[in-house]
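Before anything else, here is the set of structures, which you'll find just below.
You will see subunit A twice below: alongside subunit B first, and alongside subunit C after that.
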Partner chain A sequence: MYGIGILKGLWVTLVHFVETFTEDFRWIGKKRYYSEEGVAARRSKDAKGIFTVQYPEEKLPVPEEFRFIPFLVYEVDEEGNKHDRCTSCGICAKVCPPQCIWIVRTEDPVTKRPVPEPVDFFIDVDICMNCGYCAEYCPFDAIKMDHDYELASYDRHAEHIYNKEKLSKPVEYYASIRPANYTREEAIKAAEEAKKAEAAAAKAAAAAATAQASGGEQAAS
Partner chain B sequence: MSEQTPVKEAPANPPTELEKRFPGAVKRDERAGYEGHIVEVAKLHEVAAAIRDEMGYDFLSSVTAVDYYSEAPEGENFIEVVYHLYKSTGGGALVYRVQVPRDDAVVPSLVDLYPGADFQEREAWDLYGVKFEGHPDLRRILLWEGFAGHPMRKDWKEPYFEEDVKPFKNRWPEGQVYRIEDRNPVGKNVSYPQGFDPEGFQETDDPRMYESLERSSQDFVERIDTEQVVVNLGPQHPSTHGVFRMAVRMHGETIVGLKPVMGYLHRNHEQIGERNTWTMNMPFTDRLDYLSSMSNNFGYALAVEKLIGEKAAPPERAEYIRVIMAELTRISNHLWAIGFLLNDLGAFFTPALYAIEERELILDIFEATAGSRMMCNYFRFGGVARDLPEGILPKIKDLVTDRLPRKVEELDLYLSANELVRSRGEGVGVITPEEAIAFSAAGPVLRASGVPYDVRRADPYSIYDRFKFDVTVRQHGDVYDRYMIRIDEIYQSLSILRQALKDIPEGEIMNGKNPYQVRVPAGESYGRVEGPKGELGFYIVSTGKANPHRYHVRAPSFINLTILEKMCVGQKIADVVVNLGSIDIVLGEVDR
Partner chain C sequence: MTEKTVTPTVNSAGYDVPPELRQSVAITTLDKIWNMGRRYSVWPMMFGLACCAIEMICTAASRYDLARFGMEVMRPSPRQSDLMIVSGTVTKKMIPQIVRLYNQMPEPKYVMAMGACASGGGPFKEGYNVVSGVDQYIPVDVYVPGCPPTPQALLHGLMKLQEKIDRESITKVRWYQKDEIPAIPVPILGPDIIDPRDNAAIREMASRKAAPAAPAAQPETAEAPAA
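Right after this comes the complex of A and B.
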């Protein structure tokens, strides 16, 4: 019969319409809106009814791998001095597809050798395409992608070229937004340290052994 | 692309089949890293006709030009036009090329043999200045008629040209900060060719386009003496899915001619690609067809890996991750296409929103694995950027085995039998299989016309030969079939996903290290994947340097538009919108 298809289709929309209310009834007493578990339920595979999220009152959870605008990682030593992990090697600037990174290096006035930490570090965030290459290829884990996606400002001329001050964030912040990556990197670093220490120990032991062996030989002869 | 090709034989010296067939006119390309044959320009048309009719290479996949330029006069200085052909029954490529001098680049047009060469030849004329003799409508296609020069030529420099290749020196090691608009202050950011007066500029673009529109609609026989009207749909029109314009010539309400006008989003992607290093291009491919960035990554990675060879063969787990991501992309793209086709039909936003709810959940997965919902930038040469995060596989499994089948079925119930959809779709924009092949249509457009051609099956890449799936085919070639084929394909993708999720092994995700500079040996390669919109090909030429010498995208959205006029002529004006929607274009890819 002509029209059956339309009626079936209307049935689907009717079910969707009714579900928005039945879902709300099922959540009476619990918070379906403006709460973390509510947002999570609305993004699950069984989500029914209202699917959208009321930004900015509600926000979607940000997965660890989410990347937006790089930041520079610094560490604070016991005396409270900040140390950039960055050695201004320039790989990020070289690999950056839209070429939005500029690094200002300096050299030691006395020894004339380049100072590893950059004097300044600029990223034009209007040009940055959030590809994440700088973080991916940085050999010192010094530049990482951020989770903060709310960058709106009133003056793009004054505020959209980020300098080193604006880009720098402590290593604890990095550990908090990317715990799995941070743990993995630290484990790799610790393993490398251990390997180095082991190698040094082995070297020392070998040196001692040769000394002993030559001593033994001497004794034997 | 190599072994199956009948004309390519391992021993170097005996003449190939083609050389025997056309003595003197064809000779093998003996440059290292190149394949196929070089055809004499004068004989091109004859050879091409014979290859099509005698050897059965009926699908012209890609036509493009390469500029071999050196400033030294004794260096090689010519433009090469490269043709990639396939059989619509499957198998590898047949490649032939012609070489013409740069200052007098004239090549016979193949439009009469392969109507699908139409837009591609126009593009080569536009960007490279290759004149195709006998082309019925050789106008610029992405740029405007007044444009000075042909920007893909190696000696063409844009105003405020910085350097030939990235990285630019003033970023590193010099480190200077300036804003782009400080370098290009308004009013001083254009340069004119010598002797050009901007005040006296007369536009020639539109008049020529209307002329060609009139020419192509001359066959129409008027029964009643009425005046034909030209209507412009777009460039700003909700149905064009972006900035795209169709100039339509009508007799009453019946279409007698249609010319697509594009290029409003043109950014010379290929030129940018040739400035970039190999690695840098990956995030740029995301921005072609921004609804299916994973597929774009896949195509580009395949092309480059083919050139690097064994050293960049991805490990097992990476192959599975690639397939999973590509198929999820296909589903999300088709959901979008279906939703917005219904929008074009006038069912405003309810079907579209139902469809993109599911897409949203797929994008959540991309965000968790690749780091971005749409601009994934996930593939690397020899693997993928990072392993799947913990807990994502069960999530994908839930989606694939539970929610998506349920929801796609619901969408099917909601729309497919709907009498309005059927009456607007059935018998509208019919394309016969012969036409679809001749016009180089690809993907759902081709398969909806009854041609069972799917690159995943016809010329398998990655690990697609391991999965059981049907190449979906619909027989009528109308809008309704192009809608239904997308539903069918979603089911097939789900089936592939279920198999891939079952078999995915543990292990490495990169072949070796992931260096920031890759060494790509000299040579050429053409990597193609079955993207959601059709055959997506990347033709690259390397000279062994850090950046590609040629980087060409065979964009399915762009080439599928060649057939749009054929689809629409004889239909009513309201069907134009639906026909365009059923091709499913993304302007980021059309205009590049």
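Right after this comes the complex of A and C.
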């Protein structure tokens, strides 16, 4: 018979519609909307009835590896000065497939040697394809992918070419959005530091030993 | 009885309403009513150009549900739509059609550049066949970065558009002015795309190139087709 498919489809819709209200009864006393558990229930595999995420008020949690526009990590030292991790080496600008990173380097006016921290750092977020290569290749863990996706604006050239000020975010922010990555990187760094310290200690010990040995020889001769 | 206030966005025309009348009287401006009607009935045109369109489809589906914003009616005809979501890579072959569709949309019309490709060419910005930014041809109201923007990012862009509509005034918007709005000349597809608006500049450049060697170059160019 013709039309059975349509009726079946309408039946599914009707079941969803009714289930929305039966779910409301089951959630009496609990917050079904605008709460974390509500969102978690609606996105689970046995969600019934309505499963819309009411976007501006509630947001789907993003996974840790979610990547949007990159940001620059800075650290604050004891005196409260900001230090970019970036050394303006330019590797990110080189690997960026659509070439949307510009780095302004500078040199010290007195010594004429290049200053590691960039004067300015631009990313055209309307070109960036969120590939994450820059974060992958940066040898100093200075550029990382952000989770913030609410970036729409009315003017491309005035607002969507991010400068260093707009891109810089503290290392605590990075630790908060990507805790697993952060701890892993810190562990690697700490291990490297320890290795270096060990090597330095061994070298110093060896130097001391040779000095002692040569000193002993001198004394003997 | 508890004091119930009318939505402040509607009742804020700058007039003081006495407290005893607050529940029955709302003062507003024509602009606000007008814009409210418009912002909750933005109908997008139904077309997608590339991968970003997948996210747009997802935004319209029930997980994010554009119907909450009054935008669920995707119109397949430019005559019935208010918003053009340029969702994806705009190739040189496609831009004449996009400009034509834009011209066919009745005012008020808005354009949203969704994703890196539509806003600035994105990964293909130096490609031989891609227009680096649809804003080189048609005026864009909202730019949504991302590749692709997630459905929530697109919704944020749509909300930005609603905010923009809110700020409009019927006495100032360009479609209620006396002067006619000229249609945007449709680009011509050739070996490379030609924007008719550049014709004067192209002609000038060509004549400048031809000018110094004009007498000498004349026979050469005449011979070229024969050879």
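Convention: the second predicted complex is superposed on the first by the 191 of 221 C-alpha atoms of A that agree within 3 Å, B and C clash if a C-alpha of one lies under 4 Å from a C-alpha of the other, contacts with A are read in each partner's own complex, and residues count from 1 in each chain.
The rule is simple: a contact is a pair of C-beta atoms (placed from the backbone, for glycine too) under 8 Å apart; a residue touches a chain by one contact, two chains touch by 3 or more.
Model, not experiment: these values are computed from the prediction.
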{"item": "Partner chain(s) touched by A:A180 [first = subunit B, second = subunit C, both, neither]", "value": "first"}
{"item": "Contacts of A:G9 with subunit B and subunit C, given as first, second, both or neither", "value": "first"}
{"item": "Per-residue contact with subunit A, leading partner among subunit C and subunit B", "value": "B"}
{"item": "Subunit B versus subunit C as contact partner of A:Y133, first or second or both or neither", "value": "first"}
{"item": "Which superposed partner A:K59 touches (first subunit B, second subunit C, both, neither)", "value": "second"}
{"item": "Partner chain in contact with A:A152 - subunit B first, subunit C second, else both or neither", "value": "second"}
{"item": "Subunit B versus subunit C as contact partner of A:D124, first or second or both or neither", "value": "both"}
{"item": "Which superposed partner A:V95 touches (first subunit B, second subunit C, both, neither)", "value": "first"}
{"item": "First, second, both or neither for A:F51, with subunit B first and subunit C second", "value": "both"}
{"item": "Touching partner for A:F25 - first (subunit B), second (subunit C), both, neither", "value": "neither"}
{"item": "Subunit A residues contacted in one complex by subunit B, in the other by subunit C", "value": "51, 97, 99, 124, 127, 129-131"}
{"item": "Of all residues in subunit C, those that touch subunit A in their complex", "value": "62-65, 68, 113, 116, 119-126, 133, 135, 140-147, 149-150, 152-153, 155-157, 159-160, 164"}
{"item": "Subunit B to subunit A touching residues, read off their complex", "value": "166-168, 171-173, 175-177, 179-180, 276-277, 279-284, 350, 354, 357, 360-361, 364, 367-372, 375, 377, 385-386, 389-390, 395, 398-399, 402-403, 410, 413-422, 514, 516"}
{"item": "Complex contacts: residues of subunit A adjacent to subunit C", "value": "50-56, 59-60, 68-69, 97-99, 124-131, 149-156, 160"}
{"item": "Subunit B contact footprint on subunit A (complex, rising order)", "value": "2-6, 8-9, 12-13, 16, 43, 45-47, 51, 63-67, 90-91, 93-97, 99, 101-105, 120, 122, 124, 127, 129-133, 136-137, 145, 157, 161, 180"}
